[in-house]
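Each of the two complexes below includes chain A, the first together with chain B, the second together with chain C.
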Partner chain A sequence: MAPLKGALGRALLRLFAVQGSYNYERMLGVGVGVAEEPLLRDLADGKYRPAVARGAHFFNSHPYLTGLAVGAAARAEHDGAPPDQIERLREALCGPLGSLGDRLVWAGWLPLLSGLTIAAIALGAGWFAVAGFLIVYNIGHVALRWWALNAGWTYGARVSVALHSPMLQKALALLGPAMAFAVGFALPLAARFLAVPFPRWGQLAAVVTAGLVFLALRWRSDRLNGLRMALGLSAVALVVGLIWQ
Partner chain B sequence: MSLALYRIDDRLIHGQVVVGWGQPLHVSFIVLVDDEVSSSDWEQDLYRMGVPPQIEVIFASVDQAAQLFSTWQTDERVGILLVGDIDTAVALAARVPQVRRFNVGGVHHRTGRKERLRFVYLTDDEAAKLRDLAARGVDVTAQDVPTARAVPIGEFT
Partner chain C sequence: MILPIEVLIALLVWGTLVGVDLVSLPQMMIARPLVAGTVAGAILGDIPTGLRLGVVFELLQYDILPVGAVRYPEYGPATVAAVATAHAAPGGEVLGLGLGALVGLVTALVGGVTINGLRRLNSRIVHAAAATLESGDPGALVRVHVGGLLRDGLRAALVTSVGLVLAWLARPLLAGALAVRDGRPALLLAAVVVAAGLAAGAAGTLRLVGTGPNLKWFAAGLGGGLLVAVWLR
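Then we have the complex of A and B:
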């Protein structure tokens, strides 16, 4: 069955903001409801409102793969599936989509490309490598979102068929080892690249900064964590570096 | 070694269960007790997908669980028993007196439920059922991940 004209595109665009209303009560739920709404507009009058409300119930999974649940639930609504079956479908998708997304993206595609980019920079590719990273990463990222939404809409309640697809299984099997290779390849190159001599005051500043971060983490371990501090300081260093040049 | 964790979690199998609890406990099997899931092939298919191949997943209804409980209890591997709602937990505890504790790991928002903890939302009725369970000698605590504090029942119902 064909979706309403332009509805899949609208849902895809709205899915980019799926984490915008994240909260402990519904997690991604409200974002999912908003993204699903364009796909529900051609439902009969009495069905539209309860379907949108169902769409906004509790949901949590990997943000890039959430489209699969959005498409599947919208399709199941059109197929006239009973409400409690749609609720159960949504609940059953949280876990597998979360673990699939973690393996595919956070432990696969992202560190794989990061490793290759770091290696390329260490070998002298400079800003081209950074631009290449942003472009290639996001081609994969948006393609995954689009595939997920389409697969969900195509299969509806039988969406596990899409998750068993050989292409996906092959990607999972390849990405792990490829990621490990890229990061292993990048580490020694990055170490040599960073080991260029730098002045005494720079070394001192690095030691003092590390000490301050350590103290800050001990002091506010409830609010701060290593990753946030590292990202924040990297951003500051980047800005200072650009101004200083 | 037998069952190391009895957990109430409405998302059933997800990362927190498989990685968060599964890894430190060295879990080799997960028993999922749910009357609806035990009779639904597509749901079983989806839940199995979130689990690495070396971990066995067993689906059972409350009736089947009551019959098979002793075999899980004497299994030499370590396992986790999961239920998706308070009613299933109460029914299981009533049928199987060896169930002496329940970990409330995640019960999320639904119409009529109030926030008790960040990961526990309960209707007044559900809270009363949990207190009943505790009054009958079952140790009920709320804890989402192993590194968090186990919150005693009196603090969240």
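Then we have the complex of A and C:
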């Protein structure tokens, strides 16, 4: 089937807002339906509306890779696949796309670049580091969204082939260690950068408190998180400060 | 906090864009505290404060893995409010850091609650529109979706407004009390917030790294970072 370049472009643009109506009933479903709709417009009259309705059913995955499911489902509709097969395809893609996207982006590309940016700021790069982060991150972001939509449209119901792409496997293998190294490298530099204006006792208090909070977060990760600990400690510091007057 | 009206409007617009970017559109990571804080600092003509608070909240952000329907605080508009607070705080960067972080933490909590509330509201609206959606009417589908986007924009504007009001209240309510005794209470506040950020950053990263081979890379990075930090002293 000839690629529908205009329709693919419109679908890609809509994919940037795929989580716009995020909800607990259909999760990304409505956004997926909106993104898929331009790819369904040249279906025959009797097929178009049922396909649009199917596109808006429950769906959940990593937002950057949702295009893979959008392209694959639209292609399967064009290929005349039975409705229940298309529903099964969408259901089958939720887990793998979510897991792959989380490892690739949330636990790889994003913290890798964030760690490098923190380190660069701590070493004096200033706002240039932040501008670099935005540019480099979004080159990967847009490329991943475009690849996903194209791969979904190309492979249709055989989209699992795309998920085993050597490029993806190599990226996963590289991003894990790179992210771990970058964030590890950034942490001591961030500590130094943030504690520079503190006197010696303030630096010591920060180091000891950081150690204790880290242990608490590791010990009770089911109940505690960074926000709760930070708010709790701030409240204690405020009370101590007010008594200190 | 007395800021010119055009600066307040710029902060409100920026906070709203940042809030919408987190989930809805376009997820280009202007919602990351590093970016949100730096641009807020640029709007206020105080980029160093934006960078400093951006790093604090970026570290706290490592604690969050936004998978599935997990609930999390919203640090983007929170960082904007934090930078506005710190910029206007009297008595140096330590007081600004502590006071700004405190305002930011409360705003982040409010932001997280509103995200959950919006998702529940969207669920009710989608449920009510189920029959229309099942008819395959593309116009109805787009209306439901765009409605969600607009509600998220309103939500982000509301959260940023709350943050800016807190920033406005922080100085008269807290700055004086924290500045006594050579600012030691302010220093204590800043130290515990920085500590919480570093701890959350380390704990969050270790959750991602796990106990496999990547742990060695994390240790190697940590060692390298420590060497550079010591060398820079």
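Following the convention adopted for this analysis, the second predicted complex is superposed on the first by the 195 of 245 C-alpha atoms of A that agree within 3 Å, B and C clash if a C-alpha of one lies under 4 Å from a C-alpha of the other, contacts with A are read in each partner's own complex, and residues count from 1 in each chain.
Throughout what follows, a contact is a pair of C-beta atoms (placed from the backbone, for glycine too) under 8 Å apart; a residue touches a chain by one contact, two chains touch by 3 or more.
Predicted, not measured: the structure shown is a model, and the values here were computed from it.
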### Query
With the two structures laid over each other on chain A, which partner does A:Gly9 touch: chain B (first), chain C (second), both, or neither?
neither
#### Entry: Winner by number of chain A residues touched, once chain B and chain C are compared
C
### Message
Output check: A:Arg88 vs chain B and chain C. Expected answer is one of first, second, both, neither. What do you get?
### Response
first
### Task
Classify the contacts of A:Pro96 with the two partner chains as first (chain B alone), second (chain C alone), both, or neither.
first
### Query
Which of the two partners, first being chain B and second being chain C, lies in contact with A:Val52: first, second, both, or neither?
second
### Partner chain(s) touched by A:Ala195 [first = chain B, second = chain C, both, neither]
second
### Query
In the superposed arrangement, which partner chain does A:Ser234 touch: chain B (first), chain C (second), both, or neither?
second
### Query
If you stack the two complexes on chain A, which partner ends up touching A:Tyr24: first (chain B), second (chain C), both, or neither?
both
### Overlap of the chain B and chain C footprints on chain A, listed as residue numbers
24-27, 60, 98, 102
### Query
Touching chain C in the complex: which residues of chain A?
16-17, 19-27, 30-31, 33-34, 37, 48-53, 56, 60, 63-64, 98, 102, 106-107, 110-111, 114, 117-119, 121-123, 126-127, 130, 133-134, 137-138, 141, 176-195, 197-199, 202-203, 205-214, 216-218, 221, 225-227, 229-231, 233-234, 236-238, 240-242, 244-245
### Summary
chain A partner, complex, touching residues on chain B are 10-15, 17-18, 36-37, 40, 42-43, 45-47, 49-50, 84, 108-110, 115, 118-119, 121
### Contacting residues of chain C [partner chain A, same complex]
23-30, 32, 34-35, 38, 42, 47, 51-52, 54-56, 58-63, 65-69, 73, 92-94, 97-98, 101-102, 105-106, 108-109, 112, 119-120, 122-123, 125-127, 133-138, 141-142, 144-149, 152, 174, 177-178, 180-181, 184-209, 213-215, 217-226, 228-229, 232-233
### Query
What residues on chain A touch chain B, complex-wise?
24-27, 29, 57-58, 60, 88, 91-96, 98-100, 102, 157-160, 163
